[in-house]
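Got a structure for you, written out below as structure tokens; questions coming shortly.
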Amino acid sequence: MAHHILFLGFIALTFSLALASSPLQDFCVAKTNSPVLVNGLACEDPKLSQANDFFFAGLHKPGNTSNFLGSAVTPVFAAQLPGLNTLGISMVRIDYAPWGLISPHTHPRATEILTVVEGTIYAAFVTSNPDNRLIAKILQKGDVFVFPEGLIHFQRNVGYGCAVAIAALNSENPGVITIANSVFGSNGPIPAEVLTKAFQLDKTAVDYLQSKF
Amino acid sequence: MAHHILFLGFIALTFSLALASSPLQDFCVAKTNSPVLVNGLACEDPKLSQANDFFFAGLHKPGNTSNFLGSAVTPVFAAQLPGLNTLGISMVRIDYAPWGLISPHTHPRATEILTVVEGTIYAAFVTSNPDNRLIAKILQKGDVFVFPEGLIHFQRNVGYGCAVAIAALNSENPGVITIANSVFGSNGPIPAEVLTKAFQLDKTAVDYLQSKF
Amino acid sequence: MAHHILFLGFIALTFSLALASSPLQDFCVAKTNSPVLVNGLACEDPKLSQANDFFFAGLHKPGNTSNFLGSAVTPVFAAQLPGLNTLGISMVRIDYAPWGLISPHTHPRATEILTVVEGTIYAAFVTSNPDNRLIAKILQKGDVFVFPEGLIHFQRNVGYGCAVAIAALNSENPGVITIANSVFGSNGPIPAEVLTKAFQLDKTAVDYLQSKF
Amino acid sequence: MAHHILFLGFIALTFSLALASSPLQDFCVAKTNSPVLVNGLACEDPKLSQANDFFFAGLHKPGNTSNFLGSAVTPVFAAQLPGLNTLGISMVRIDYAPWGLISPHTHPRATEILTVVEGTIYAAFVTSNPDNRLIAKILQKGDVFVFPEGLIHFQRNVGYGCAVAIAALNSENPGVITIANSVFGSNGPIPAEVLTKAFQLDKTAVDYLQSKF
Amino acid sequence: MAHHILFLGFIALTFSLALASSPLQDFCVAKTNSPVLVNGLACEDPKLSQANDFFFAGLHKPGNTSNFLGSAVTPVFAAQLPGLNTLGISMVRIDYAPWGLISPHTHPRATEILTVVEGTIYAAFVTSNPDNRLIAKILQKGDVFVFPEGLIHFQRNVGYGCAVAIAALNSENPGVITIANSVFGSNGPIPAEVLTKAFQLDKTAVDYLQSKF
Amino acid sequence: MAHHILFLGFIALTFSLALASSPLQDFCVAKTNSPVLVNGLACEDPKLSQANDFFFAGLHKPGNTSNFLGSAVTPVFAAQLPGLNTLGISMVRIDYAPWGLISPHTHPRATEILTVVEGTIYAAFVTSNPDNRLIAKILQKGDVFVFPEGLIHFQRNVGYGCAVAIAALNSENPGVITIANSVFGSNGPIPAEVLTKAFQLDKTAVDYLQSKF
């Protein structure tokens, strides 16, 4: 039974639905490797659509949290579930190791709603300028919280075991911007003098951070 | 432990996010009992907003499935979680007793995405005219399925125990139209001659159905 | 002359406009048989667009109401009038034989507005759960009624002769879901045990209904 | 019978649906004289809504075309049919005396679809810069034509009797800008030197035009 | 220094952002000469996107105002800056010679905001029917004014030297309809009898105007 | 004259237009201190609207860059220009002292387009996960650049004097999230253990940063 509880401890689902345009037909299953690219994704012939196009398996499987943040996100976006294309909705499962962190991030094109399936999570978002208010709450199993569109938010496992959440965002491709990675780990670094000034860090600290991400 | 497993069998969450307009500020927490009604809901003073406005508790509690359909839906719409107002997203938990049914229904203003948290569910939707194709799939724990905006869909527990699902719809107020209730149980009955003709039922059958819903 | 009046009695037009995305150019005439499928329809070269692309003929012709419902719908959607593509609007003409019925249905992606051109129609829609209120009105020539997005609605000729209506929906491809066909006549039947439970019918009744649609 | 035909000659309906935001509830019937003004209109208590709120009578009555343009428009917007509020759709009936004209105009917030119910109409729109192509068609009874969002369009009765059309626009409040009135008859005149230069008219001509509108 | 002032006098920028659909990915750089046409523009492979795709040079250069209106518009729409595709925003620079005029026009798919960078401009818009109110203001350097979506508006240099403005519209392809050109200079003329009646001009005046534009 | 040039060096305008809902009337001028709060802002009586409601003065005045970032933003949002309410567009002027920085930030509800009016600016944005590509460009006077909705972006004066930019965003209330302030200076601090882990900083560094912002 201890093993069973441990297993449950790892079950974390996150549904994510992102803001999107309105559908103009019942569905428009994303066509893999379409030579033509459009806003969203081109569609397959609807006559060929099958139940599997609207289906994704494996959200019960815990993600691998063996990383320095102690967390894992399993996305179910249009790229993973092609039937979501044009429908403005998606999901994610989130696994948190003990003390695991989902680092501060934004979704540029979606609001997120989250429920805790197992464990105890500290969840928070910060309002925009000039208030930058921290709105934070400790969430237990069965609690639901919302992160408004585009605002910086994060979660942290503050319970004794693993934690799991299910979240949803109102876009089929909400996008994720992990602040630390985007700022200190961009592909092509942000000039050090921008970061030293913006974050009031010395050059050594910035060099150190850029080497980490 | 058997009891514990049974309890888990009842855990079913459904997140629902519905199509909505775009927010024009960080958030607009719904004001309870506002004397002024607008598209969506009027807002409280944002300076008074607190973490509890973005929070809902209790989605881990199984709904009461002691009804003739053997199912229960726990909604988390803007009415239950006022911080969802203007944000275009919502959730529901669904509990299915053994052989429980979520009756054929539509959401007039949302697409739905659903994941099975426990048990085995047969899920399906029907495309619009003229094809009326049934797109159906048996879903196990961890499977995800999508019901496109406005299409008739339903789920049925086809496993051996209870089942639970979490769903999300891309509106904070997606609406639910249970076909049988809307057609045979409307408040103010649909004239019997409409139903006899539409459903090719005799008057006795229609009278019987209208007495049931 | 009696024949002429009778002919007029059959004139019924229905304009339908469905909710759609915003246009990003003056127009985007639908390209017939485009190899690439997108949300909505791909466009022809606008330099080749001509007046005929924005034109449809024949809405004065009565539809053939020789069917068990005694009604006919003539759609003018983007499939019939390619210039409607991206523009979020469409039309239909509806013919009702005496006692003819437009069976309860929804438009998954549009609100509908309707005016009676000839005859007397009983029109109604049912609100969503939990109220399921029937909002009904007898409409005479020149009366206008609206069916809000996604709600179940129907009309019935309750006058002495034929009737005709013009309706419009705010999408160029609003979709139509005839409840009886979608529930009892889907291509791939809904399992009988779903329908017996949802509609509280016995298996014989469900088998009978499924054989009819 | 001649009288009867004449009467029919006057029947002209125009449905107009304008681009609008998405509804966030089944309906939001416009509240007359609400002290609070919002984008669109504030709503009445939905519990008080009745069938009459979704209803408008009189579109069979010909408008009075005894004016210098020989035309009349009967609008059915949210101001006339309060149930249209938030639903993104509206209608108009258009009556054309022989040689009557609907003067060049735009709808700032809607695409329009039109069908001819009686008579023969010349209908046209002009594309935007730099092409300014005239797309024109003579429409007979039963013909349908579309005027894309925001483009200048007009119709003229080119048949032998009266003509009537029904049109729809995809907004509940599409707006109408009659070019001649807006340019030469604004409330507070456009400075004459703007009009002389823009239209290459001499001051006398502009003064004359401004005195007319 | 007088020369320097003169040069500044010519600096006029107009940013224009037009109403558009929501993006479904970070960006969708417009693909030049795509064989497939869609609502908006098809995209290039995002892996190939470079900074130059989001860049346009030359808005500091005065446009050539040697024309009968004494004005020039330099657009930065998706056609000129391909990275704007799907992003719902654009810009223009406007140069006005002394007494130069931006002729009455509309943007069928956008609201415009404008600031004066140099000189003195009379700016105005006219509300829709039935009021047709002229809302006008003399703008000095640093003043900002807004022209609501779809309304007729114009600007005129009323200062002593050249003037320059920067404007923005909320679409990447807002469209421009110059009223005089669209009405009197359409490619394929509007029938003279339409214009004589709509503008209450005699045939000679209309013929003259049509020969000018 | 040197002084004059210096003054010009400070002229920097930023127009910002943010993604917003569609207007449902010509305009809806924001009502100051409305007791009722809605998505966006409630409107004044349109009969009382005057040209000044659509007007803002002072964008030619340099902002005060005497701060540790050496930059200043002058916003023209609906709060400053009430006529922008519902119209989905706004502007800002940006002043950069030599080496001045607009710190990395996002707009949660808008895309931004920017043009350089004076000076030389290094402008950049970072794409979302997993690529986090830096897309950067040095901009001279007259250059235009776009920052897609929700992405982290920044600018830095890299010329010899002051610099000025005009930007526009496609919302009347786009929101601004300055990353450093939101992360290290939130009102109610983000727990230090979140920041040490997310940014791989030691506790001393985080304490130092939180004391700074």
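The letters A, B, C, D, E and F name the chains in turn, as written, and every chain counts its residues from 1.
The rule is short, and it goes like this: a residue touches a chain if its C-beta (ideal position, glycine included) is under 8 Å from a C-beta of that chain, and two chains touch if they have at least 3 such contacts.
Keep in mind it's a predicted model, so treat the numbers as computed, not measured.
Q: Applying the touch definition from the top, give me the chains sitting in contact with each of chain B and chain F.
A: A, D
Q: Give the chains in contact with both chain E and chain F, ordered by label.
A: Shared contacts of chain E and chain F: A, D.
Q: Select the chain at the greatest separation from chain B, using centres from the mean of Cα atoms.
A: If we average the C-alpha coordinates per chain, E ends up farthest from chain B.
Q: Report back the single chain whose CA centre is most distant from the CA centre of chain C.
A: Farthest by centroid: F.
Q: Chain D to chain E: how many Å between their CA centres?
A: About 26 Å separates the centre of chain D from that of chain E.
Q: Give, as an integer number of Å, the spacing between the C-alpha centres of chain F and chain C.
A: Inter-chain centre distance comes to 47 Å.
Q: Report the inter-centroid distance (CA atoms only) between chain A and chain C in whole Å.
A: That pair's centroid distance is 40 Å.
Q: Hey, what residues on chain F touch two or more of the other chains?
A: Residue numbers touching two or more other chains: 19-23, 26, 36, 38, 40, 108-109, 128, 136, 148-149, 151, 175.
Q: If every chain is a node and each touching pair gets an edge, what shape is that graph: line, ring, star, complete or other?
A: Per interface graph, the chains form some other shape.
Q: Which of the chains touch, listed as pairs?
A: Here the touching pairs of chains are A-B, A-C, A-E, A-F, B-C, B-D, B-F, C-D, C-E, D-E, D-F, E-F.
Q: Okay, in this complex, where on chain F does chain D touch?
A: Those residues of chain F that touch chain D are 21-26, 28, 31, 34, 36, 38, 40, 42-46, 85-86.
Q: Which residues, counting only chain E, touch chain C once they are in their complex?
A: These residues of chain E touch chain C: 19-21, 36-41, 108-109, 171-173, 175.
Q: Can you name the residues of chain B that touch chain C in the complex?
A: It is residues 68-69, 99, 101, 103-104, 106-109, 122, 124, 126, 128-129, 131-134, 136, 148-152, 154, 156, 175-191, 193-194, 197-201, 205, 209, 212-213 of chain B that touch chain C.
Q: Along chain F, where are the residues that touch chain E in the complex?
A: Going through chain F, the ones touching chain E are 1, 4, 8, 11, 13, 15, 17, 19-20, 22-23, 26-27, 49-52, 54-61, 76, 81, 83-84, 87-91, 111-113, 115, 117, 125, 127-128, 135-137, 139-146, 148-149, 151, 166-170.
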